[in-house]
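One chain, subunit A, links the two complexes that follow: it is found with subunit B in the first and with subunit C in the second.
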Partner chain A sequence: MTAEIVAWLAQDGITNGAIYALLALALLLVFTVTRVIFVPQGEFIAYAALSLALMESGRVPGTIYILLAGGALAAAMETARAVRERALARLPRILALYVVLPAAVAGAVWWAVPRNLAQWVQILLVLAMVVPLGPIMYRVAYQPLASASVLVLFIVSMAVHYVLMGLSLVFFGGEGLRSRPFSEGQFQLGVLNVSAQSLWVVAASLVLIAALWFLFERTIYGKALRATAVNRVGARLVGIPTNLMGQLSFLLAAFIGAVSGILISPITTLYYDTGFIIGLKGFVGAILGGMVSYPLAAVGALAVGLLESFASFWASAYKESIVFTLIIPVLVWLSLRSHHVEEEEEK
Partner chain B sequence: MNRTLLAAVAAAATLGAAAAHAEITIGVTLGATGPGASLGIHYKNAFQLMPKTLGGEPVKYVILEDGSDATNAGKNARKLITEDRVDAIMGSNGVPSSLQIAQVAFETKTPYVCLTPISLPPEKYHWTFVVPQPTELMMGAVAEHMKANGVKTVGFIGFSDGWGDLMYKATTHHAAAYGYKVVTDERYARADTSVTGQILKILAAKPDAVVVGGSGTGGALPHVALVERGYKGRIYHNHGTVNAEFIKVGGKAVEGAIAPTGPLIVPEELPANYPTKKVSLDFTKRYEEAFGAGRRNAFGGYSYDGVLILDAAVPAALKKAKPGTPEFRAALRDALEGVKNVVGSHGVYNMTATNHNGQDERARVLVRVENGVWRLLK
Partner chain C sequence: MTPARAAFGLFLAFLVAAPFALPEFYVTLMNYIGLAALVTLGLVLLTGVAGLMSFGQQAFVGIGAYATGVLTTVYAVSPWLSLPAGLALTGLAALGIGAITVRLSGHYLPISTIAWGIALYFVFGNLEILGRYNGLQGVPPITVGGWTVDSGRDSYVLIWVATLAALVAARNLLDSRSGRAVRALRFRGTMAESFGVDTARLKLVVFLYAALLAALSGWLYAHFLRFVSPGPFNVNAGIEYLFMAVVGGASSVWGAVVGASVLTMLKEWLKDILPALFEQSGNYEVIVFGVLMVALLHRTSAGLMPAFARLVPTSRREARPREAAPLARRERPRAGEPLLDVRAAHKQFGGLVAVSHLSFDMKSGEILGLIGPNGAGKSTMFNLITGVLAADDGEILFRGERIDRLPSRDIARRGIGRTFQHVNLVGAMSVLENVAIGAHLRGRHGSVASILRLDRAEEARLRAEAARQVERAGLGEHLLDAAGSLPLGQQRLVEIARALAADPVLLLLDEPAAGLRYREKQALAALLRGLREEGISILLVEHDMDFVMGLVDRLVVMDFGEKLAEGLPQEIQRNPAVIEAYLGGIE
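Our next item is the complex of A and B:
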């Protein structure tokens, strides 16, 4: 194994690790704010990447139907609640948020697809399609059960994951897709031939991580999210709308997932079900960070990327086993080291 | 008056029952969802183009979904045999699923037309007939081409599943006879986002050519990575990879990729006297008319050929027993073993007691990606 190979593998590991780091942050954010282990995180990757690839080949992605139907469902649930609480003044807002907005996005996509617009416009449209799915998902599947136990929420996550994966197969088909790279550029860095796309990935991850830090440290919404994460009941008592925080955390998770998907779709082939495995590796990263600390989760995810890359060189047939086996010693160590706290039931 | 009507109804019912009794039932289990969906969809599509009769008798296809899961495939097979009383069973789109079905077919004494290449212990082949070309036959074409081009060392990278194993076995099977050495056995998963590690290892071994044991669009990832890292040798694929989506995903990088496949992928380019030309051309045309231009693939052809083989065997079995009985199933099995010169979309089938596939070199052609389409390599 020469220094050159080490450099190549490290570059590859860092590119993948950057994606896993983003996902680990999203998973951690959702978990701390809502206690949801967010299995469908990976679906946002697949939806964004495959929608982009389909739009590039001039087809209307089925994502818009999911958006419209999901929006209608959320609107119906909200309307029922508004009627029950005799707060009909909320109706215009509900309609605007869950019906008019998705319809406008769907219309824009319909209009844009045959015109084959510039790539950045298509990327914006993909974000507009995929990101609202996050809050809609929270409203439809999680909010009614917001105070259930972690286990119940996890099972809901599995259900949402299977529903979305099934829809993904229906709308995107079984074969893999790839989108065009943002730039074809390659440049020399010592012995390495670094592709501009992998720099995009790393740079975008860094920017997003910095933006998240800014959000949490410097904005009122970020502070409210942190407060909810620390203590849900306490946050509600001081007047933080915890449902809104749940939706906000899902919005961020969907945004991070969609950005990850858009970033990697030019460098790999994505399938309707790939997102799950990628999300799972982000999850391993988050676990390596103990499911509590953002910087540790990011470091853990980077370690997963590097380990994966080196494992694929040494023993490619056992790569996945090596990556996922890593969880066991870490969990053992965490459980030995932490004093046991029974899961708090908030009722 | 009432009595006559009643009698008429009774007569009609008896006739109907008799007609239903002569109907042949074929049970099918396929996975158009789950990890094998990209193949399973094509296998399933083909059943919309199937003949409505087998050996002149009406036929009913009972198609169940197994989600590309081996356990489900086995359960489906059992259900089809015990509840639907099928006369023969077909499926599935994954090697592990097919192994499960073969076991059920063996236990229940039901003829099984297998739609993936599998390898079984000899006694288990008794009830199983395999439609796709054996991987050794297919990779033999690759081995020939490598020998003709002076390839001495071969790097292998394939899926980390049963398909990857089959391809590795087939590639090493021909090594001695065709004078090359397989220098790497790298594995990757379809859902992997990167194969950099594996590719670096292959490049370090400096092979004259690389064989990719993936399937469908999954074959594109290592090919693209090899080209990006400046690999200049030939890159060979296998018959699981040949479809239009592979080229769409791989783009310019997969230009020049060579793969063996059944003749139905390039029927237009076959010489006029090619034995399967008419059937291949007809099936490909009908498939693309029904499911869209450029959707041609090997998998739909396997389903179609499986039914053609059954069609050829049914008349002999009908002489011995009535459909729906164990005697008919046994007779059908014997008849399947005797089918001769059945021209399918993939090749010409001549079954014998020891060869339950019956294909020969006529069932394979080499194709190459030229200007973004698979063309016959002449």
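Our next item is the complex of A and C:
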């Protein structure tokens, strides 16, 4: 193995690792705030990437139908609740949020697709289509079960994942798609050919991580999210609306997922079901961070990316086996180390 | 005959009639249900009851199937030899994986089960001897005597006999000394350890049992289909078993059958009708399946089994225990012998010193009160004595032997029983069963004996002993009620009864009178005096001063982790330092 290959594999690993790190952060955020193991994270990646690729080829992505239908469902559930609680004053807000907004986005996409606008406009439209799916998903599937066990919430996650994956096949078809790179450039860094897209991925990940840090440390919503994560009941007692926090965490997770999908779609061919395994590796990264620490989760995800890249060089058929087996000793070490801490929580 | 037995009889009658009455297609479907129910049953025990989430059961099914596949096709071994071989291999794998991963706490366990599940799937698919992704063809049928099990109807018999046996075994296990401990694992691990349960070992036992059921299912599967390929052992299969457990109701063994039936039939049905509804081809099953699952869980997040159980008005109450020969009792130290000696015990949580080089001692036959304002470190002191927390410094001796380095289950074995400040009962279990956990160390039959029902004589004695202690604590009328349904004060009495069931030499009571009414307090005081007469020594933490002063022989007063005073109740009541700590200083 030459230094060149090492450098090349490292570049590949870091690029993927940066994506896994983003996903790990999103998973961690959703888990700590809502106790949901967020399996459908992978779908946001696929939806964003495939929608962008379809729009570039001049077709209207089916994502808008999912958005409209999901919005209608959420609106129906909210309306039923408003009627039950005799709070009809809420109706205009419900309509605006869950019906008018999705319809506006759908209309904009419909209008924009044949006009073949600049790439950044299309990216914004994709975000506008995919990101609202997060809070809608929370409202429809998870909110009625907010106090159920982690196991039940996980099963709901799997069910939602199945639904979205099935819809993905219906609307995007079984073929793999790629979108155009943001910029074509390649440049030389020592022996290494660095593609501009890789730099985009790493840079965007760093910016997003910094933005998240700012959100959690410096804004009232970020602090409310953290408070909910630490103690749900306590947060409710001091007046934090925990359902809103759930929706907010899903919104952020959907945003992170969609951005990840847009970033990788020029380098990787994505299929309707690719999102799942990418999300899973992000999950592994989050676990390596102990499901509590954001910086550790990012480091863990980076390690997963590097491990995968080198494993695929040495024994490509066993790539997944190696990635997932090598994690076990790390888990054991983490578990042994954190033993006494958990003991105290057990009361 | 109770309605529950009638329902079971009806189910058996259906199982017997099914292969005669149903067309081939449905018999095959029933076979798949049985195979899935076996695996799901293991998962119900592991995940639903013991609280250990696993995504990896399909890997054990795979080991069982591939073991028999290779042995029978490549080495022409009889299936009846490959079954024990497969079980042994699975057992070894489960012990190996389990020894490492079952002790993982929280989220580490589920992720590591995903990890090994994915890893084994790719191993199955890439090994030459396992036929790579093409799999192994021509697995021979099982023969029993002269009977060759080669049709779906023949396999039906084998599969459902195995499934029923596993169901009965699981029910027997849960209804036993080990079973009570298993049911305490999920939320009450610390409590179980305090009564002598080796929780790590018990988790491994449950894990092993679930893995063996999965391997058995794999063996049956390989000989029923006569073909093994990696496809059915990927992660999705493992997740599907979890679906079955949750949808069926993960807290009941019958939930496994319900979940396996509902999901297997639903998938088959969707495959049938959906292509007719949608002209365009597509994976519509998963969409409808997912929607139905979410809708179902919105309606009943505890799964279907509780809803089914409501249809059958079961005789929910277990039988009152019969009289049985009393259990052997521990020999008690003579009154006045040194019993407990705490020497400069010290415990710090970060910067907070909870117990600061505290010393006191206790003689046998004494009731010693440990009092002090909130946050003085009294409960931490209890946890140090019982090994729930490890002391940072100092020594604790019990009857002359150092116990401060022992795990709490070994301390319990030496005759220290305790109650918890925050009531630590298994709410869904009856008062009787909760108290019987206290007597855990006075029985010796393990999981295998209880599956085979060899433990019945001992079990009757344990339950009779538990009933006696419940009676003694004044809760006779609540013997069979769910512990979680009692008011808090009475739950504290259950805690005392459980500690007494352990036949302790030293009893540690953490605020036993909190939440009791005046008369109940008087009864409790009378009970504790009676225990002292019997030679049981008591260390008591309590805030109700009338209760304490009238009962104890001596008092130790703690404040900010340090000993403020020690002496007879009258002396303590006059001690200015104590008065200041409790009432504030006088200007």
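As a working rule, the second predicted complex is superposed on the first by the 329 of 347 C-alpha atoms of A that agree within 3 Å, B and C clash if a C-alpha of one lies under 4 Å from a C-alpha of the other, contacts with A are read in each partner's own complex, and residues count from 1 in each chain.
Going forward, a residue touches a chain if its C-beta (ideal position, glycine included) is under 8 Å from a C-beta of that chain, and two chains touch if they have at least 3 such contacts.
Not measured: the values here are computed from a predicted model.
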**Asked** Can A:107 be said to touch subunit B (first), subunit C (second), both, or neither?
**Response** neither
**Message:** Is A:169 touching anything from subunit B or subunit C once the two structures are fitted on A? First, second, both or neither.
**Reply:** both
**Touching partner for A:309 - first (subunit B), second (subunit C), both, neither** = first
**Message:** I'd like to know which partner A:325 touches here: subunit B for first, subunit C for second, both or neither.
**Reply:** second
**Asked** Once the shared chain is lined up, is A:12 touching subunit B (first), subunit C (second), both, or neither of them?
**Response** first
**Message:** Tell me the contact category for A:144 with respect to subunit B and subunit C: first, second, both or neither.
**Reply:** second
**Message:** Tell me the contact category for A:178 with respect to subunit B and subunit C: first, second, both or neither.
**Reply:** first
**Request:** Considering only touches as defined above, state whether A:161 meets subunit B (first), subunit C (second), both or neither.
**Result:** second
**Request:** Answer with first, second, both or neither: which of subunit B and subunit C does A:269 touch in the superposed model?
**Result:** first
**Prompt:** Across the two complexes, what residues of subunit A are contacted by subunit B and by subunit C?
**Reply:** 166, 169, 317, 320
**Request:** Report the residues of subunit A in contact with subunit C in the complex, numbered from low to high.
**Result:** 141, 144-145, 148-152, 154-156, 158-167, 169-170, 280, 283-284, 287, 291, 317-318, 320-322, 324-325, 327-328, 331-332, 334-335, 338-339, 342-344, 346-347
**Message:** So in the complex, the part of subunit C that touches subunit A is made up of which residues?
**Reply:** 47, 53, 100-101, 103-108, 111-112, 114-116, 118-120, 122-123, 126, 189-190, 239, 242-243, 246-247, 250, 280, 282-287, 289-291, 293-294, 297-298, 301, 349, 422
**Touching residues (chain side subunit B, partner subunit A) in the complex** = 32-33, 35-41, 157, 160, 185-198, 200-201, 204, 216-218, 220-221, 228-229, 243, 245, 248-249, 251
**Asked** In their shared complex, at which residues does subunit A touch subunit B?
**Response** 5, 8-9, 11-12, 15-16, 19, 57, 166, 169, 173-178, 193, 195, 264, 267-269, 271-274, 277-278, 308-314, 316-317, 319-320
